[in-house]
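We just call them A, B, C and D in the order they show up, numbering each chain from 1.
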């Protein structure tokens, strides 16, 4: 890696993003140690151009002279000479996501997110893999030595596809779900009186992470010399109704929840599940947390609706217009994300230990080599060294392993463009385990017809 | 191994058995190449003595001078100097088995066998492991070089426990469930006209076997030059109502079934499941085949009742009295089992390729090393060489892996005599995936209280 | 595999061969169960045409109507529709082989074969890999479902290159070195009086094989019920001067030897080395068996000269002319090779257990996955199932592992066409361990310049 | 782990040590964050008592009130309730070490250390294993939750023996050989002008470490944003005569060297060897660096003599008397060791990334699981998380793997107390690869007779 920290070359794929891209802009706006050019590529050029204007205006105001923003007319020119690549795309539009989330409901299958596992996640995987194969080839041809940050879901599938298409890629996946659990652990440490005079942040808490994205687990957690596992146990016991603010935020906001799923998993398995409840629920047998909409309410989380996402998007679009036109300056706050810190660590500006998604090279002894797993890793100059975990206890393994197998299965089916193989993996997803085989086939055919791009060339092959 | 084929020393643990032991007696009665002594040990000395008389009488009549039958007063004297050890025991009595099978029914959990996985299988495992630890220690001390044949269920747990207690043991597990599927394949070959003039036997069919006991799969099957997989596919399609004789034997006999579960698994996954339907069903999500007693009927197999087993035992006891007293000579037929052929192969009297249960040393690339798996192996003089499989396709792996994890979990919990760890694995069994956590705990506590032996020293430890 | 045993389609790459090809012809001439067409492709079309005439004449005389012989103008047309592919080529001419064998002698490095490991073997690997990449691509494009038999050395490198270029290939390597040791074991069994009235053949002896080609080991050997390992131990002790006929054949024929290397390895490690002494010697530290030409003589084997090979070739050429012209009919005898039996087993005409070279998928627990290893396997209809070995004892592993690493290294360097990487592996070969670094570099550069094909595009890259 | 940082319980096995123990005392003397009791156990009680007096006097003077020093009458009482255990013992006396080092010289085998691999290291392993089995059992019985620091050589063998005897042990090995190479890298960074105004310390250099103890390798090295690998390459090229001070310290001091071995290994393999030259040399073929005493001189390092060690010990004994009696206060300086920092990290007082010796659980993908390897790891509260490396390039693997196999072999032989198995591993050591088999046997027998303790019960068993 020949990066010059003052003349970095960053390519952002999905550069019209109003979520992860804005977060990155905000972090760059307060960063004094590095600089360079940010090139935005998006299949929607107008969105990329709006973000270019937003980013440049923000930088000119807050961090003048350090960063230049450009748009790229195509992937090749976006990537040419890149030191870092960010990928955060929406694989398909909201209409397709509506199919992912709602089509299975006819069969009594409910999803709280629908982008990772379950029928929605697997169908989304079939759309995403061809896109990620194209990205991997473009990186191979135009920026083979760049570090690639992935933010797109399904995370494990995206990262696996990148490595399968271009084994030499230096890609990894970033996700903030674990951070939330670290914050929760900070609350338990405070509740136990471990930091009388201090408001603890998530970075005060040390955790060891093991699992697969959105179904990660913490087996060791500490605050300084204190073991937080027994403290968490007491906290769970003391909060039979979960943790929520007075106005029950989860009732309004599908991204909120009261930790009841997390606490129940702890009671079952003695291990701290480390992702949002709405993600965790989708990996478990449907009777546990997603039995019916009413049951979901009792567990105090929400089924995501696409309507909600559309409304949110419209608000963000308005905001984007106002930022891009100069009516307002984008608001920024320290994001709590690790993207910028990781970039600096890879440049040699300070080592960083955090959790990350990478192909398993030995860090998860219980999962197959090559499967994309989430563990701690040390980021240092031009390297990421994942840390070997103790593995997962057998009962948790029994829950995690089928999803690792299914992720391998759906990626293999997508590379082969084989709907028959994809359907078999679809039928092995625990969320569908209550459906009759004929219904599984009908649902799969319906979702495939409505969400897959004919240009990708899927057909029944095996 | 210093065995002399004409003066072999066989120890039979569970020597009062009226099932596997009689099968072995029958096979020995027609065997001219080997001879020696058979020592029967049983916790019920009367049963052992009855079998001694039965065996000796049979031998004197049919194969005089080759075999001598004795009983052994204890395990140590039974094992002393043994070349071969057979273990087929009933871990606990029928009252305990009744709890295994019926206690979960209160919660809507139905089992067709209850001795391998599911609540019954896991509870039985907790009873069996201490017994098998004792056997392993006795083999280590009195017959460390003997080959140990296991016939007891839960097969994988028994074999795992033997190796965990005495890593140097030469043990393996024999099961005839695959044979039945070979016979079914012979029928499909005949139906396809491949052997116009011939009634095919199971040994005419060549299969490649991969999986775990009672949840084994066949990915390659042939009769001479013909690939039987597409032939099986057609056969399945041509038999939407399964395969049964005119009088629907499965309605009377819980050991019978119409292959509908097997055919459905083939339609789902494109792979030939190779065990009885009643076993296969227990490894799958409960909604598939064990949803309700009515559903079981529609799938044309039966829930085992202990009453049935008791009635069967009474009949066999009567038969035993008649055989032992000399009123009748035990009836024998070629058993179709491989026990005797394996013994001869291990003596160097002819190599044999068949399926067998062994710790995974590489033969099942998708399953953890050390887990007990069922694959083909070559038996030759003083060695068993398992054959490396191609592994299982991802969707099937997603079904098999949780059970491999649970088997590891229940063995670890049993070695630690830890009910808390055992309960966590219990709660991860797919058959219980529709129960509320509190019900899981109540069921576990109830079954443990009624079936575990206080002398084993189980308690909640972790 | 859709092969019709009476209309098989065999492609022979290196079809002008006067060694392996003639052996195959001879075996086909006595085979009544199968038939079809044999297509010969060779870079020397005249040699292919001569063999076509030889083969057809032989078949017409001995086995009329079963086999048709053709030549193929190119690889693509040779492979089109093939059921079986044989590959036995000479990678480079005898001039290049002379460099392989003799160039290192200037530095005191002596080789008894020079085609597997050591400076000669590694340089030959660099020539062979590009050829085998081309073969793999041609098989992928023209006969992806064919079974590919490799006979070319360096065996492990050739098979590895085929799989690395086309992971879906169904290739394996056949070698008869183990057979010779089985014959030696038959002699020991006779010497011990185990078969008083009988001349034993190698197939009477059962062995378990583990290792890498030409450095294979036998840890279990038996004749019926008798363990041959202690018998071999006694035999070795009783033959301190080795085993040779009265006229010391090894003095005249570089393919002969007196087993002294094999016996010495047994005395050192207690394990039966199972390849010709001249192969075994090259894998060991040079001081052991290849210290000087005089030492080689004391160990009673020979340094191969290329002169000898050239003389032998000339004799065979003459024979070829006489066979092709019709002056004489090719002489045949049962070859003792397994090629034909393997073909029949793969067609479903009878299972066969023998040793074979395949990528390690678990059969050699001590060697890296993917490395090409030699173990027993069961051949059956359209499948080869390798048997899991017990691995090698530590001291033997210490000898074998460096060569497995070097084979991986030389293949990787060859795929990258990187002379710098190749030189590093060259320098790690034990046979060169007495040379100064500067001499290693000079020798490597000299050999590369004189034997590598500029068209392959090798250069220093890393 | 229930340690209270102000009331720690440290047990020092080999507590009479004047090397590692004094280093620890010095570090404790300047540490204000932790305190407690240090219990010294030694087979030489007088040495322990002397150290007790030395330590207590030092603490009273420099760090009063924080640490109390005691001696322990036996291992059990030393370990009772320990939070941390240090083990640094001399396995056998200097007479035995003289045999280790000098006996092989009669056969032209020279050793520069003789305590890790080679004839001396392997013989020392046979003495050490029984002692470490006893330590492991004592830890299991008296301090099963303690963290055990090992400093004794042969490092890999000691750590392996601890885990093999008590798999639940929390042990690891600390070695400072890598630190020296980090210091050398700091020099190269300075020479390249990367830190114009600053004297760099080893902790300024970030390295990734992979290998086995004393044969470790660095594939990534950086100083802030700068890649040090190309800088090291230039440095090596610029120093054909190595790096030494004006008075050639290595001529007087066997612990000194001029880095020529290290530089030669870099030229051969392109990877930075990271241990002292005198250690590295012993892992390579004897012709490379240990051909003759004259060759060793040309490589600018020294053959260790035991005389030198005895002289050094006498000086230290005198110093000990003076410290213990109160004539002088022990001199201390910041040691540069990580022992204290590791202890604090394990107490939760700050995470630490450094290199460490641990059983391979996946961190070294190319080496067998269970083998003791040296890699980076993160130390945090009550956990050590090793970092997954990229493995070693093939040519380096070819050098490292035989030693990993031999270490496994010698440990297995030592556990079995089997001299025959030990001799086989002895004969596979590369340093002995020039000896005749009969000489190997004679040397082994001689060394075993003169250095092994009859009480350990070694005999020829296999």
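Throughout what follows, a contact is a pair of C-beta atoms (placed from the backbone, for glycine too) under 8 Å apart; a residue touches a chain by one contact, two chains touch by 3 or more.
In this text, all values refer to a predicted model and were calculated from it rather than measured experimentally.
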Those chains which touch chain D and also touch chain C: none
Relative to chain D, chain with the most remote C-alpha centre: B
Centre distance in Å when chain B and chain D are each reduced to the mean of their C-alpha atoms: 51
Euclidean distance of C-alpha centroids - chain B vs chain C, Å: 43
Residues of chain A engaged with two or more neighbouring chains: none
All chain pairs that touch each other: A-B, A-D, B-C, C-D
Contacting residues of chain A [partner chain B, same complex]: 264, 267-270, 285, 287-288, 366, 368, 393-399, 401-403, 405-406, 408-409, 412, 420, 424-425, 427-430, 433-435, 437, 462
Contact footprint of chain A on chain D as seen in their complex: 1, 3, 5, 206, 208, 220, 222-227, 347-349, 351, 353, 361-363, 365, 376-378, 380-383, 385-389
